[in-house]
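Each structure below appears as structure tokens.
Two complexes, one shared chain (chain A), two partners (chain B, chain C).
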Partner chain A sequence: MTEPANKKDGANHSTRSPALALPFLGNVKVKPGVLVAGFSVVLLLAIPQLFPPGIDAKSKQNWLDLFAKFMAMGILALSVDLVWGYTGLLSLGQGVFFGIGAYMIAYCLTLHKAAQDARPKMTEGEPTTVVLHYQGNFPSPKTVFINDGKYRIDSIQFRVLKASTPGLTAVLTKLPAASLDPDTAEQIHNDTLDLTGPVGKVQPMVLKGEIAEEKILRRLEEEGDRLYLEVTGNGDRGEGEFTVVLIPEIEEYMRPGEVPPQFMQYTGFAPNDPNYVPPPGLALIAPLGNAGVAVAASLILPALIAGLFGGVIFRLGVKGVYFALVTQAFLMVVFLAVRNQQRFTGGVVGIKDMSSLELFGQSFDSAENVRATVYLVAAALVGSYFICALLIRSKFGRILSAIQDNENRVLALGYTTALYKTAVFAFAGLLAGLAGALYVLANHPVCDTVYLSVPFSIEAVIWVAIGGRGNLFGAVLGALLVGFGQYYVSSALPEFWPIALGLLFIATVLFLPRGLTPVAGPGALLGLLLGVFLVIYLEKYNLFDAVDQYLGVGRRGRVFVGCPIILLSVFIPKGLTMLFKALMRFSPGRAMPTGSVSPVPGS
Partner chain B sequence: MTGLLEALFNGLSLSSILILAALGLGVTFGVMRVINMAHGEMMMLGAYLGYVCTNPYGLSVFVSGLASLARETAKIFGIHWEPSWQTSIELHWNLYLVLPVVFVVVGLAGYILEKGLIRFLYGRPLDTLLATWGVGLILQQVIQLIFSGNPKGVGIPENLTGQWTYADSRFPYYRLFIIAFTILCLVLVYVGFFYTSLGLKIRAVTQNRPMASAMGIPTSQVDGLTFAFGTGLAGVAGCILGGMYNVGPNMGQDFIVEAFMVVILGGMGQLKGVVAGGLMVGVSRGIAEKFYANALIPNLFPKYIEEVFSPIARITVLALVIGFIMVRPSGLVRTKERVYD
Partner chain C sequence: MSTQNHHTPEKILRVEDVTVSFDGFLVLKDLNFSIERGELRVVIGPNGAGKTTLLDVITGKVRPAKGRALFQPKSSSCQDVTKLTQERIALLGVGRKFQTPNIFKSQTVLDNLHLSAKASRRVLPNLIRFSRNGSSRIDEVLETIGLAPKASNIAGLLAHGEKQWLELGMVMLQDPELLLIDEPVAGMTPRESEKTGELLMSMAKKHTLLVIEHDMTFVRQIAQTVTVLDEGQILCEGTVDEVQRDPKVIQVYLGPDRELLAT
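On to the complex of A and B.
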């Protein structure tokens, strides 16, 4: 099947960027791409430090959240770019792998949350007996037992060893450790105890405990709870023995994976209920309670599924438009299944009740520890970027480009193209899974079927189209640009964002078929970051409010000032370079040979 | 047995809608190589047009919706404009009359789409996918702004509301009408393609564009008309669908993936392929629904069977179709071609 689009697609990445001689480094030649990449790495890692001083914590956290989210989207864009931009396979189903990664982490976090929230499980140990002996005129009241664990008083027996004077009664009371005032002690048995003989008489005490409040009396929960024996009246107290049978109550805290998460709790969960049957999905997701397993699953499972799916589909020769539509149908199948099987996936509502992720002794959370999350996502983005860059520069990458340009020739040269396509599809699946996992962390942990919907996957493709297909930088740029653009437009005019996005789709395809990067140069990402921070500073110093007041109705300052800044900021580095060049050319007396210094190649 | 008859019938009526939707897609995708992701939105436009024309209040809802859209748009640019557009005209047309109108109006929308956007993108099928998806997004949102997301319905004529009972099986008249109408459409399309001069020109252009052009056929006109024809059919499909299901801004999204699957399953650019594919998908879905309902929980949730098993049946059939396409990418009806790149 002829695919004329492929030939046009494969033109850009073969152009080599000229090496740039830096003025102070002598003969060391650095490629400008590497230079800009390195600079962007530094900037990405420095993002939390760049905020204006005195910015309020909430707004800073909001911005950091956005950075984390959009950088995770950048990883997804890299994965789309790898299969579409470099290999020519338009996958409209990357959302499947993104979703798998997201759900794996979401399962892990919701299992943790469920375990944290669950009441501890009580098990009863072997009964122990405490024998309390008394004799003669002990001072009353007397502590007979000081609690050293958690016990339930099962029964108390009293045995008379030597009869007392008639008229004496004994009362056993419990005094909670919190207040050791004897006046507040409460009697734990119903009847008063007759201490007069006959000798050897064994008298069981009827304990309180019929109603719920009294059951508490029979518990020794806090360490230091005391049992008091009080004998009232005058005379010879005789001699006796209390045998207290205590049943230790062992509290077992629930581990992640033992408690069904919130979205499965339709069965009603009671840890102490012997009739409890765990919901059917719990055993399936229980291993994900371990954070390491969950992270591994969110990477390996998407790669595995992508590999299997790709292996079959490429071997059978499905390509081009067919591939795009079949992946879309595959996505649809997964979407419908996930939405339908609420018992296993949370259905339309998804998974919302999550704790923060603990990994390497560090907690990653969008609420309290957003900075760690931003660093984590930034590190993952930079790492993925460099792995992708190495991949496409390797022989493997060259074969991928060759497949995009003309698969039949590659086949004729003896390469099993299906194998290469499967490999890159599986790797892209892994990247998408990573993106999904990180996105869930950054998204105030929420995970629902939106990621598996058809529009989301197409949006991921349009990020790459806008940024520039066949260009790793472009993919990340597109994701960040659309992300911040969406945030800005929809914060002021939510109902018009889909229209703006649609126009962006059309305009990109019509006017920028190769995306922004070839037009804006490799500094575009840097420019975008500058633009975003410019907007943050403008917001801090209330410029938008001033514009709003000047214009009258609504929050249009953001639309008329903020959006153009963000959207046009990608051209800042290119514009500065051109300005610099123009100044150099026109400055009198300093004739520079044109072309010797060109920080921005590929223009 | 009666259940099976009913399931077959339901599957057949679903097939009819799928065939109608896929017929237009088969023309644009199979013949012109344009992946029109806005096809679903053309169905949606047809359904809304059906609502406006058949519902007595449809037109007034539409006009006041337009006014509010204009007001909101003006507000963005800081203009205070309160258009007081209103109408009390009640269209309340009969569905039989509305269907040709829908075909013409939605076809015109398709013609504009082709002339304004798609003709710049020939030879770049994946780009047409993205651009038309953008068009779909815009259409969805504009309709949402005009009609507010509340579900609407297309009014169906009195004599189509009942049902025919035979041997304990129920056959709603409306579904019978859908099947009959689809057959009529197929005959018209067949006659149009093979017995009219426009059909001849369309076939000539799609088989060999430069040669057709050399013979004096105005290819760009033919392209526009072909696309308009395909989208018009989509509009009609949507309008008919609106008599059965809720009409909402996102209704097209639900059908587009399956419609594409039908086209690919049938084989590209073949009328009989689309029919075969549509029948296969629709009927197997009807039977799968019945099968799940009978095999899994008989009589337990009779009321919810439709809601619970419909998605599972849909998943099953989609997965089967994907499997089939993987094994045989050229579809049920193979087109003979000799292409080597």
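On to the complex of A and C.
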């Protein structure tokens, strides 16, 4: 960025135009424009608070989801800008790293979903014995055992200890917790017992389920199910006991990573089946069932792959347009690999079935927890922005810019430029991975046609070109602007969007070679947010419907109103500043006393 | 290295039997050439003689098809630079000023010098270095190249001569033992050219200089020994006067049966 020369600058060369010193940056100075930019970036964090009161939940959720998506795109734009804008390496394959980050999180979420949906695995505990004893004239009927977990009744033995009056019978029934009415009780053994004897003899009993295989009868499933002993008839009941052997059934919920996810199309998952063989991809992605591991993988794996790729490519001295082609080819290789390995990646269908991401005890998704997702993405965007800002202000950053200016000179000064390029490419890979991971939270499902497509990676370059290449702020601005523009145009005229984007790109290259930011100033992002919320308020108060009706063009009317608002809003702060300055200039109170300012320029 | 033994230690650079071929066209043919430590050597020769290619070989930009170039740094053993990478050669102590000004045009003059000054070239230390202040050495160089008042100007907006001086300043800050300078006064006014000559003479006190130049007035101003290169081979070597009188030199510069070089 061109700065005006400081005329009075003498011995102390580091002083620059009006600036504030930040204590933790040593002698790095922050210009007021940077503060405005910082303020609008911080404003991103306040997005969920800014909606009109009474906006319906569905519509708010939709808007929040868009914010989360476009801010994630902003992080991808930062990644492209570091590589292309600052180092001069046009990467048409940032989608690779974006995609890897996205797939890592998608695997995690689909493993969670599969585990949630799977039936729990049963294991049997040590048998326990319950003795149900009756004696004399106890008040009958009597509940004798209330279960505290899940049990299977293994066997029942009956023994008469003292003979009763003839004609009395005993029945052991199950009374489900759901209905404690004794009339609904089900007898769980097949015979009605005569209690007269023989005394002391153990009588094994045939369980109903053993014949009918109605195993349900032999289970105490719900907490509060009762075993219910009833002795019917009049007379002396004598004394006797039922010895019931219960086998506890321990339910084990499936953990993420144990159940094959839906995209592996593995029907008939039965962990108790001794013949069960897990699908080959499961062991590979199982560790990602842990959310922490998945998040780490979504950052480290892209960085690692970018580092390896860059290490080889830069050492080979691939530069300029060849680098762009190689990155594009790399993207296509990854795309084809993902498409063809359906068992591992879901192929063209992708990964659809996903739960929310559980992290730090908070759920993140695009539905009921979208608010949390917006906060998370905004925090990540602001964090990435400041890390990038530090990076480019460091000596490392100036060496990157020097490489873009004149790599031969950097080499001749003794810097191993390949290492610098590899380092920045790896870091950009990490950022792209982060962007992809966050994008998944707001945009299910994950499939190759979105994340790994060639047009998507090229679009990321266009965001940066429109916002302002070599300008972190511009990258974020471009991503958000194109994102909202796309949403607005393609909601009504989807077929027109590629043309609109193309026109915008051509116009930018022709008229604003350094992008919008140098023209719109640091307030541009602030303006864009204003514009988007203006549109949200207009929608809330049904203005667009009125326009649609007035023009009689269906939902297209909103495109003609919404798009210009969003596009032009980036110029609002700059426009207001210029207007304010102009007013100050023509104000007689200011011009008259000094007499030095001519009210009419060039007169 | 065994080479250390049979070369006299005062030779800082010894180019031996170097042949460079571009698609079969021999740019340098079995070239043998050496410079002593502390010398200011000027290499002249017609277009296409292989002057710049010679510098490319020494700085590792071009790998010769055969031969070697031995560089003897003060404090370490003799190295064959044709086997080393460009950045390794630079760190050994070979600085180069390119023919057209090679500077970082989007950065300030001060930042340009800052990046050139002696400091760690590794990635990690530079990630956490934020200071942009000059050092006393940078201030000194700024004074020497006369750009002190323009220290915070964007380098790309400097005048051509100033850019050349800035690049000389950058190379000086590297503090190399051997300085290769390719046409330092191309496109300069006579005044600027004279100032550049003075600059080079002052640099020659501390460094060994190898200068490529066309401008004979300038050569006369600075040269001690002149080497004439033609079609990839050494034509002759000597003082400016000796070289200018040499009929072979006259022939390659002006063609057969022509008058002497310019006065």
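One rule holds for everything that comes next: the second predicted complex is superposed on the first by the 499 of 603 C-alpha atoms of A that agree within 3 Å, B and C clash if a C-alpha of one lies under 4 Å from a C-alpha of the other, contacts with A are read in each partner's own complex, and residues count from 1 in each chain.
Everything below uses one rule, namely that a residue touches a chain if its C-beta (ideal position, glycine included) is under 8 Å from a C-beta of that chain, and two chains touch if they have at least 3 such contacts.
Just so you know, these numbers come straight off a predicted model, no measurement behind them.
Chemist: Of the two partner chains, chain B (first) and chain C (second), which one does A:Ile399 touch, if any: first, second, both, or neither?
Modeler: The answer is second: A:Ile399 touches chain C but not chain B.
Chemist: Go through the superposed model and pick first if A:Asn408 touches only chain B, second if only chain C, both, or neither.
Modeler: It touches chain B and chain C both.
Chemist: Looking at the overlay, does A:Ile458 come into contact with chain B only (first), chain C only (second), both, or neither?
Modeler: Once the two structures are laid over each other on A, A:Ile458 reaches chain B alone.
Chemist: Mind working out whether A:Leu391 is in touch with chain B, chain C, both or neither, as first, second, both or neither?
Modeler: second
Chemist: Among the partners chain B and chain C, which is in contact with a greater number of residues of chain A?
Modeler: Here the partner covering more residues of chain A is B.
Chemist: For A:Ala57 in the superposed arrangement: first (chain B), second (chain C), both or neither?
Modeler: neither
Chemist: Looking at A:Leu583 after the superposition, I want to know if it touches chain B, chain C, both of them or none. Which is it: first, second, both, neither?
Modeler: neither
Chemist: For A:Ala423, select first, second, both or neither according to whether it touches chain B, chain C, the two together, or no partner.
Modeler: The second partner, chain C, only.
Chemist: So which bits of chain A does chain B touch that chain C touches too?
Modeler: 2-3, 5, 406, 408
Chemist: For a test of understanding, state which residues of chain C touch chain A in their complex under the given definition.
Modeler: 59, 61, 85-88, 90-91, 95-96, 98, 102-108, 110-111, 114-116, 121, 123, 126-134, 139, 149-154, 167, 170, 174
Chemist: In the complex, go through chain A and note every residue touching chain B.
Modeler: By the definition above, chain A touches chain B via 1-5, 8, 90, 312-313, 316-318, 320-322, 324-326, 328-330, 332-333, 336-337, 339-340, 406, 408, 454-455, 458, 461-462, 465, 493, 495-496, 498-499, 501-506, 508-510, 513, 551-554, 556, 559.
Chemist: For chain B, which residues count as touching chain A in their complex?
Modeler: 33, 35, 37, 72, 75-76, 78, 80, 117, 120-121, 123-127, 129-131, 133-138, 140-142, 144-145, 253, 257, 260-261, 264, 311-312, 314-315, 318-319, 321-322, 325-327, 329, 339-341
Chemist: What residues on chain A touch chain C, complex-wise?
Modeler: For this pair, the touching residues of chain A are 2-3, 5-6, 9-11, 13-14, 16, 25-28, 390-391, 393-396, 398-399, 401-402, 404-406, 408-417, 419-420, 423.
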